[in-house]
């Protein structure tokens, strides 16, 4: 957006102190926004996170118990107790953990604090999928064929699946984040799928009720970011294609979506705004859609929180979504109207995770022994990493987000590819090899991909071809590394003889 | 600029291989552009730089001799020899070193290679200050009162200074970069100033000829970025205020300039374009102006190269100046017209140098023992740093550029302040304390500053006030550091007893 | 062990007690800390406040405290004494000052009392935490500058002790 | 010392000669390298090519080569022998292959010649540098696959040696 079009930013901080009820890169992200707005940031940490970056960057930090989430980051009473004692006036939940827990939003409000996100009742109405679908249909937004009511037992599920027609998706009626999500190709698979999904749903959301919808094949996962203030203004900011997923976990996101033209973008934005209005939405939210090969879309669900991939939209629009969340939560009106939003260029995000891409993305743990985050033009890094950090299996495997912006998709792609190539996270297996491969893979480069991409493109048939010179360098280091491990003394003199040899070949 | 307005980017790399005739962060910057464009990058390095980042990130790297610049980075024949042997088709000089050496541009051309920058003769005509001033005056661009011809001896200097009227500036007629630059308040100071300046000029440019111009007090240093292709198209991209300088070395730059409104911006842009056309300019360049308190401007000189502070303009315009330099050098037309250029928001750059801001910016050396580069929204880092890097006194003290972009100056300022606060460079003194101070200093925050700012605002009268809690933390670490140095064993158990105490206070 | 410490233009007397507790200018300060980089960087929590302190340079000692640079020095008292030849800086008189702004909750002594070294003199509530102010030496309370219930600024004089042999 | 090395699905025989020179699959490769992070990262130059190689994980060994991840392994030959119980993998026959694409400048031998171990067999010009291909063992040249002046691909078979006792 051009400064001219933008109403002056209020210079008073929206809050005096905000409790950041999260950890990792998103806690760092929120703390940065607080710092920029002049808000005192209050972090919390479990026993596993005492040395975490979010603890060190925050103004205050309080321990909230053992590593197990239920005893720390999910312990509502501890969080609210800290917020009170640290004299906070608001709580930002980040994503995951309690960010979509309506009861937490309520108890924050009941404690006399502001919850940075939509109110509990809005979360409830949108969190229950059949209700959200009804709401969408009522305002004329297309939804996939599916059950009108939560499905509570296997027989009911059988009847509904027959009516809808296989293949179908099983989803937890009470929650999102891919948990309980399962594709069912035929009647024979239903019973097993039902047991697993409802089991997961029970564990994750304490609610076994499921929801069944028609599975749309070769669809793209396209979501629309919107934001609403407490005065009823709702604005959509642009879409993100999040089709590069495995087990319904996103690995790469981009905006604009290669499959979305201006007309479709308008329609998706309009649909998101209508749903938000119908729900009486407040703060930032995301409406998820499936877009099929012919460009027809159907509404999936609303994520009533900040998304992991929000930086993609920030780079394209030039807006700071977390700052806006905080200002809106404090009751400030949106500082711009729909017509003021200017999208510039394209952005692509890679989620670098502690998962071994080389062996089916099995979760990995270890200590970060060497770290190099990328820099330079168009590159943004949101990270909680530092050398010496121990990565455990206690939490989400997301390590770092590498995001690149360019004047168009070609430039954004060239930059994210370059940035990923510069990135080094040594000490544990990561997903970086996956990202490096996909960013150069012809179908992705051409924008030809849907949610089946990872299944059909990873692992690659051929192993990456290093040229002879690179192979020789690798071989020599393999030998040096072996020697260093056995005899702990320098093998390659930092200078001297060998570099003399080099200079000769350089100068002759 | 919006993608729609932009002509499609040519997808073929402009060159097959480019010699990067520089070091440090700017070498890394050019290598990154090459990587993004699919160009093979060829680095050179002196004995002091074998482990430098630019060597490791380049596709190829060749040693060019001892640390002393004259024997390596300034050794034209060695550079051209490497370019030939590595089968390069172009040479990018970066800034400093040979970037404004017309003879180098010529010998690159004579070697059958493309010089990424304006041709030698253009550099000569603009490099000789009196000639550049005449050229500007001829196309109606105001210049400060000054000598029409180079001044070769002290008597001539006396007469000219009297005619112009003190205070005056002494400048090397043959070069820029602040060398030979000296303010002379009165006739009594002239002789000493003359000896020093002409001495410096002789050393730096092998040319004792000086140039004298009226010293404009309380002026702002405002420069206009422009770019010209080989087909004669010239476009201005926006201004940068570079008034925060010491000894004529820039420390902070920003765009838009607080003192420049749309009308003045147009006039500065128009002036720059007229000079560029008159000079038959090609590639990227910068026209420097002084803007006095009343908004009247006068032309100073043209920098015929990429500027250190080019990222400020890249963030505001969304353009990649180095990529454009390469495409233009290859003969491609500018992919946009003046009307397509869209400026968005504001950007501020801090030049982090190996100079001890606490003691008059004396150059510092040492090994980088701990490094934390900032990240998050709106922050860009251009750096050649890594932990273990030895900073010597052989080269320019610039370590890293921290640049922030925001929707307006308020947001850009909040972000750069936050980013500088996050930045850690341990192991040697740096300029960071200066940046941290200025970014929060009322006059700078209000945009009230000119070239006298550093002299009048640094060092600050009061030492930074740490609150009692921070003082206690510092005191405790001072003790631990002393103990660690004496007895090399952990003083603070990474966990255990002390964190127990912490948990209690956290949970009670 | 007792240290003479300077941070910027502040001078402090720091005694390492135990378990992360330090006696700073005669006030017990409970810190909770981890070394985030061997000998280089510590994360220090004091009553919830989170301070990241990095050793920028060791000689002279320069610290980065939450992004703010400051000079500092530490000298163990005997070394200090040796170097200054002056012994304990304050001689026979000990001024008790508030180590941080806060509320004076309780005063445990009256003027004229003779107290043992380490005896609690007052309780200062600061930064959501109660700090016991202890007698640095055996001595007589010759002056009580403030009473319980008073809000005091950091550095405010609270009491004066005269050393008793 | 000789090592059996694998990089991705390539298997190589690496002998550390001296001064950064290595014998890789019977070809002398001159490297110039610095350790940029103790035991973790090396910058390796081979005939001008700049390779940054980082040890991502040691067990199993995973390397990052100029931003490309690859598995690798190294075993000193005796250990290899012990582990495989097989001795030198190739037995009495040695196939000479081009270690990198390039131009075969000179062939110093003819079929049927018996050459001493270490004797130069051919000169391969690759990456702006001449590489001497040496005989890995004493043996008879039973086959010359290519002649001087030929351009060869990396991995192309050049000659076969039969071990002579």
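The letters A, B, C and D name the chains in turn, as written, and every chain counts its residues from 1.
Quick note on the criterion: a residue touches a chain if its C-beta (ideal position, glycine included) is under 8 Å from a C-beta of that chain, and two chains touch if they have at least 3 such contacts.
Quick caveat, the model's predicted, so the values are computed rather than measured.
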{"item": "Any chain in contact with chain B as well as chain C", "value": "A"}
{"item": "Comparison of B-D and A-D by number of C-beta pairs in contact, larger one", "value": "A-D"}
{"item": "Distance between chain centroids, defined by C-alpha means - chain A, chain D (Å)", "value": "45"}
{"item": "Between chain B and chain A, distance of the C-alpha-averaged centres to the nearest whole Å", "value": "36"}
{"item": "Between chain C and chain D, centroid-to-centroid distance (C-alpha), Å", "value": "66"}
{"item": "In chain C, residues with contacts to at least two other chains", "value": "34, 37, 45, 48-49"}
{"item": "Junction residues of chain B - those touching two or more other chains", "value": "50-51, 57, 62, 386, 421-422, 494-495, 499, 502, 506"}
{"item": "Touching pairs - complete list by chain label", "value": "A-B, A-C, A-D, B-C, B-D"}
{"item": "Complex contact set, residues of chain A against chain B", "value": "1-3, 6, 8-9, 11, 28-29, 32-33, 35-38, 47, 50-51, 57, 62-65, 78, 82, 311, 314, 318-320, 322-323, 342-346, 372-373, 375-383, 386-387, 407-408, 410-411, 414-415, 417-418, 421-422, 494-495, 499, 502-503, 506-507"}
{"item": "Touching residues (chain side chain A, partner chain C) in the complex", "value": "43, 50-51, 55-62, 85-86, 386, 388"}
{"item": "Contacting residues of chain D [partner chain A, same complex]", "value": "3, 5-10, 12, 14, 16, 19-22, 24, 29-35, 37, 39-42, 44-49, 51, 53-58, 61-76, 99-101, 126-127, 129, 154-155"}
{"item": "Residues of chain B defined as touching chain C within the complex", "value": "358, 366, 369-370, 420-429, 432-433, 436, 463-464, 466-482, 484-485, 488, 490-492, 494-495, 497-499, 501-502, 505-506"}
{"item": "Interfacial residue positions of chain C with respect to chain A in the complex", "value": "34, 36-37, 43, 45, 48-50, 52, 128"}
